[in-house]
Every structure is written in C-alpha cells, then in structure tokens.
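Lettered A, B and C in written order, each chain numbered from 1.
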Amino acid sequence: MIRLDTSGPIAAIRLVRPATRNALDAEGWRALAAAIRGVAASDARVLLLRSDAPGAFCAGSDLGELAGLADDARARPPFRKMMRDAIDALPRLEIPTIAVIDGDCFGAGVALALGCDLRVAGERARIAVTPAKLGISYPREDVERLVDAVGHGQAARLLFAAETIDSTEAARIGLVQLACASAEARAVEIAGRIAENSKASVATLKALIAGVDRARHELHDQSFDDSFGGSEFRDRLAAFYSRRKGGKSGPP
Amino acid sequence: MIRLDTSGPIAAIRLVRPATRNALDAEGWRALAAAIRGVAASDARVLLLRSDAPGAFCAGSDLGELAGLADDARARPPFRKMMRDAIDALPRLEIPTIAVIDGDCFGAGVALALGCDLRVAGERARIAVTPAKLGISYPREDVERLVDAVGHGQAARLLFAAETIDSTEAARIGLVQLACASAEARAVEIAGRIAENSKASVATLKALIAGVDRARHELHDQSFDDSFGGSEFRDRLAAFYSRRKGGKSGPP
Amino acid sequence: MIRLDTSGPIAAIRLVRPATRNALDAEGWRALAAAIRGVAASDARVLLLRSDAPGAFCAGSDLGELAGLADDARARPPFRKMMRDAIDALPRLEIPTIAVIDGDCFGAGVALALGCDLRVAGERARIAVTPAKLGISYPREDVERLVDAVGHGQAARLLFAAETIDSTEAARIGLVQLACASAEARAVEIAGRIAENSKASVATLKALIAGVDRARHELHDQSFDDSFGGSEFRDRLAAFYSRRKGGKSGPP
C-alpha cells in the first residue's frame, strides 16, 4: 500500500491503493508513518510524496474504518493519533517534503498534503475538505495548517461548503504552491534543485520557517554567524566565482 | 434601513439606505446589530449580508455623524462601541456569514465585510479603506482583520494610499475570496452548499478556524473524537455510500 | 554608493553600485543606514527605495566581504548587526516605504526589500533567496518577514530550492504587491497618493499594521477616538464635501 524508495538523494514515498483511490486504512497510515521513519534514517536530501494510483493522490481515511468509529468510542483516540503519527512526521523531517497532487485529494488527504512543505498540483487534481459533509470535525492541527496556507476566508469556504476545487483554483488561493500540466516533472525539478543545495543550510532554514524556537533568538543569530564557518560555504562560494568567471550572471 | 429575513435556512440581512449608498448612521448600526441578534436566535444555517441599494454594499459610517465627533469628544467611545457591536457580532455567530459586495464598499464598509467569514465580489464592486484621506484612524480590530486577509504589504497599500480597487484586484490580493459576474448567485450557491452540510460540524469548524481556545487542545481533540458519535455521521455516511453505489465518484 | 534625496514630500534613496549590481559592502550598508536616518530626520512623507544601477535592485551582500567571514569568526556578529541596522531601520520609520524592484534582487537584497512596507516590481526583476546555494543561513528576522509575506509553502520553495522568479510570479505569491511594466512610475503614483493623505493617520496606521503594542488595546482605542479631534479631520471632511458637491462620487 506504501512504497518507499530511498536509493538516491530524492527519496520517494508512493501511495498505492487504487481500489480506494488511496484512501488509507489503519494499515496504510501505519505503513506511511514507518516509511517516513525510513526516510529520516536515510541519506535522502528531499522527499517526494506521490501516488502510483492513477487519478488519486489520497482520498482520505478509509470510510469503512471511519464507519466503525460511530459505534466504538474507545477506538477514536487511537485512530486520531495514528493519523497524527503519519501526518505530523512530515514537518518533523529535517529534509524538505513535496506533495505531488495529480488526482483526488479529499479529507485527510488534504491534511496529509498540508503536512508537506510544498504542494505541486497537476491537471487531474480535485481537492475537497469534506468533514462537514459527513457530520464530523477536522483535527485542529490540520485546520491550523489549512488556515496558515490559505487564510481564514478560503479555509471557511473549503471547510463550510466543502466545494471541490481544481489545481488552478488551489494555486490561486495558496493551497498548492504550483499548478502545472506536468506536476510530477515540476516537483522532480524542484527536488533536484534542493538536492544540489547545502543540506545543512536547508535543514536550518526549514527550522526557521517552522518558527521552531522562535523565542530562542540568540541561538538563531549564533547559527547564522556560524554558518559562514562551514566548509560548504568556502566550496560553494568558490564554485560561484568560477561560474561567474565563465560569464554566467545571476544569483549565487 | 436594515431588512432581516430568517424564513429559510439561508438568512439574509439587507442594507437599504440608497440615499447614502448604504453609509450607516447610528440608527443603522444599531439596527444591524439587532438584525444579527435576530439571526442568532433563528434556525438559520448561514447568513448572507447584502444590499438592496443598487451600486452600493456599504459606503461606511455616515459622514454627517462622523463630522459631529470632531467637536464632541465624549461621543467618540460610544460611536466606536456601536460599530463594534454590529461588526464583531458577525464572527461571534455560530453560523457562517457571507458578504456580497457588488457596489461601493468604503471605510467601515470594508470592516463590516471583513467581519464576515467569506466575501464574494461582483463587477460593480469598488473597495477603498479611507481613514487616511479623512485624517482619522481605523479601529485595531479591523486593521488586524485586514492584515489577516491580505497581509502586511497589501494592508499598507490599501490603508496608506487609500486606492480604490475592483473585484478582480480584491480577489487577487485575498480581500475577497471570489470575484465573479454574478456575485449574488455565487454567494447563494455557496450558502446552499453550507446549508446542506452538518450544522454541528460547521459550527465546530468555524470555532477552530477562529482559533477559539487554541490553547485548549485537549478539548478540540475530544471534540474531534466525539464527532464520530453523532447520528449525523451515520446518516451522512449512509447517504454517501448510497450515492457511490449509484455510480457517483468524488468526495463525500 | 547611496544617494539620498529628501527635497520633497517623496524622499528617495538610490543604490548606485553598478559594478556589483548593487551588492552592498560594509561601507554600503552603513551608508544606507545613515541615509535612512536622514529620511527620519526630514519632513518626507513617504520613502522610495530604488536603484540607479540599470538591471539591478540589490544583488545582496558583497560576496568578497562574505568570503572573509569564513576565516574570521569574530567578524560575523558585527556583519550581521550592520545589515540589521540598515534593514530594520526601514520598518522603524514612521513614514511608509516602497521598494522599486526592477532588476536583480538576490539574497540580502530580498531582505532589504522585505523591510519596506510595499514592493513594486518591474519586468526586469529577477528575485532569488540564495543562502542554501552558498551553504549559509538567513537571518531570522528576514525569514520571518518572508514567511509573513508569502506563507510557509512559498517561503520553503524560495529558500530550499533558491529558484529565481520574475515579477509576475513574485506578485502571484505575494512577495511583491504590484507587478507592472512601469514599476517606477507606479511606485511614484502610490507615493504621491500617500503624500496627499494625512501624515498622522498614516503613521498611526503603520504602527497598527505592524502590530506595535498589539497588547495595549486601550491605547489604540483611545487613539482611534482622538483621531476625530484633529484639525486634519475637519479640513479633509470639508474638502470631501466640497468635492461631492462638485458631482464627484466615490470614496472620501
């Protein structure tokens, strides 16, 4: 149901459960969490989260299992925590994560995509946040990430009306960062650029973007100062000078 | 000056003061606050805030009354609180609120629209935030909502330069969620979708979006877990399965 | 290297170091901080930050000087503080600041632009945030401003992949507020509107947007109330009535 590839600098996790359009059951969420642990333990520099089921990114949590929660109150907290173990493991990764959305992305599938640093959507993407259609709620972590990505107004529209939107609309409102015909190719291109950059820089910048220890300003200042002392800076600066001598203009 | 209709699931408040392009005087603001209380006491599932004055949404606070504040310092705090009573009653409603902006929307009219969860703008919309042109300030609650909607940069542009923008530009910068030729029809369509969804889910999601009790995480987790125990979940899930058996794909 | 013009209501600071595409060395950063102090001491009502070097806004910090930091750990904190003295002086100005970006804007040049209230980009703009390409970090203040302007997702894309984007893309993601063929002319137009508005109103609104003393709500309420007591309000209201009598519709 979950395929993991950590062979190169660009790791990939693929959801493969075409019968449910990649809606994940308990086994799927646990396998996903395990795969993310596998990425953390690897030398990968960036992670792509994608689908091998045509027309689907992730249709959410398996409705058959959700149905069981109606009658079994004790099963609900473990179910919630199981999803959190998978979804929240993504922002905790030191390396960047990119979701490739080129098909159905519903309910918890949106929460999963929002756990990634970047979202790239293709022309087959259909995105909807659907708890209000089912009479349930949405985890607070995922509501916060949705509001953070699209603002209060669009979060209200998506959650209250549960409208289905396409990649163009998702890019317009900021739910995905890029919409393009070849979502996969574009995501691989970005991943390739990230993999060429300094792993240490990227890890520090990811922590800064997340506001990790935003209060510990002195540490960040020290970290900025220290960043000039690494061997990477010397090497990368030398490479830049060399490119510039070769006539290439543009940023470092 | 203020018309209230709570006869169906979609309540409507209509501003009708064409002589001032719906600029509201004290009587208007108080009538608006009363109308919102009427909505809160009704069984409505969603509120549309619209205009029955062609070419106007709300041109702000009545300038004749504002002029009186120049000489009467004691009248200023009650004036400010009177506006707050109306504007801040909107986010406090449990049900979603949608502003339909298809005409002049100036000064406090923008603050009024920002009190709604969603804003839909039509081709006749002209929007400007104008205190700097009059040499006055703007209430902090409304500045915060403006910054929240459009970011620091666009808030600076709108407040410092007081430029008038149209619906396309308002949608581009996030001041309205949707711009379309038939703003009214689009707002009614969204309201209809919301009214079909679970009222309890929508109320919970509105509180979550607002960050109400963001610190009380355990309560939200409990609320998420509990949401699977409601009769609505069973019924709505059954309805979904039934639609799917009928060959309908797509989100719940 | 830095030209200052405070002769009229629209002050201008021009970066002029074409040999480095306006990459600033220590002398440049210090001259920039001094120029901003000059603006603060002047009667200017708005500041344009622009370039007199064709094809460049600011290519960042001078790489020759950055290179020296690799070997000299003690030079790093003063270097960081020197940049902060210039960049952070911009949001501390009481008057609005507008960056005109119509050329290369890289690294610390982006941080400089983000210190301004507004950014207007022209067709020659090329923008990239490049620390990860050099193996260094980015100051926390500048990461926070970047996230504030474009959100976590686009900040991740810009910082991790260090892609170069143009003015259209920068406007789409909110990094600049306006993209247009004549960036300079558009910025001057906005500055002109700001200069016509109430200086006191604009200063108060800038403080409100910045969330200065967001906790001191009572002071802001008092300030809003007091704003009606100024002579500017009387004069500006009278001018508005006069325009309206002349048949002009529209916002104040």
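Just so it is clear, a residue touches a chain if its C-beta (ideal position, glycine included) is under 8 Å from a C-beta of that chain, and two chains touch if they have at least 3 such contacts.
Note that the structure is predicted; figures quoted are calculated from it, not measured.
Any chain that touches chain A and also touches chain B is listed here: C.
For the self-contact between chain B and chain C, the two sides draw on mostly distinct residue numbers; the shared fraction is below half. If you average the Cα atoms of chain B and of chain C, the two centres end up 31 Å apart.
Shared interface positions of chain C, i.e. residues touching 2 or more other chains, are not present. Residues of chain C that touch chain A in their complex: 59-60, 63, 66-67, 69-70, 73, 76-77, 80, 104, 106-107, 126, 128, 130-140, 143-144, 147, 151-157, 159-164, 173. Within the complex formed with chain A, the chain B residues making contact are 46, 96, 117-119, 148-149, 174, 176-178, 190, 193-194, 197-198, 200-202, 204-206, 208-211, 214, 217, 220-221, 223-230, 232-237, 240-241, 250-252.
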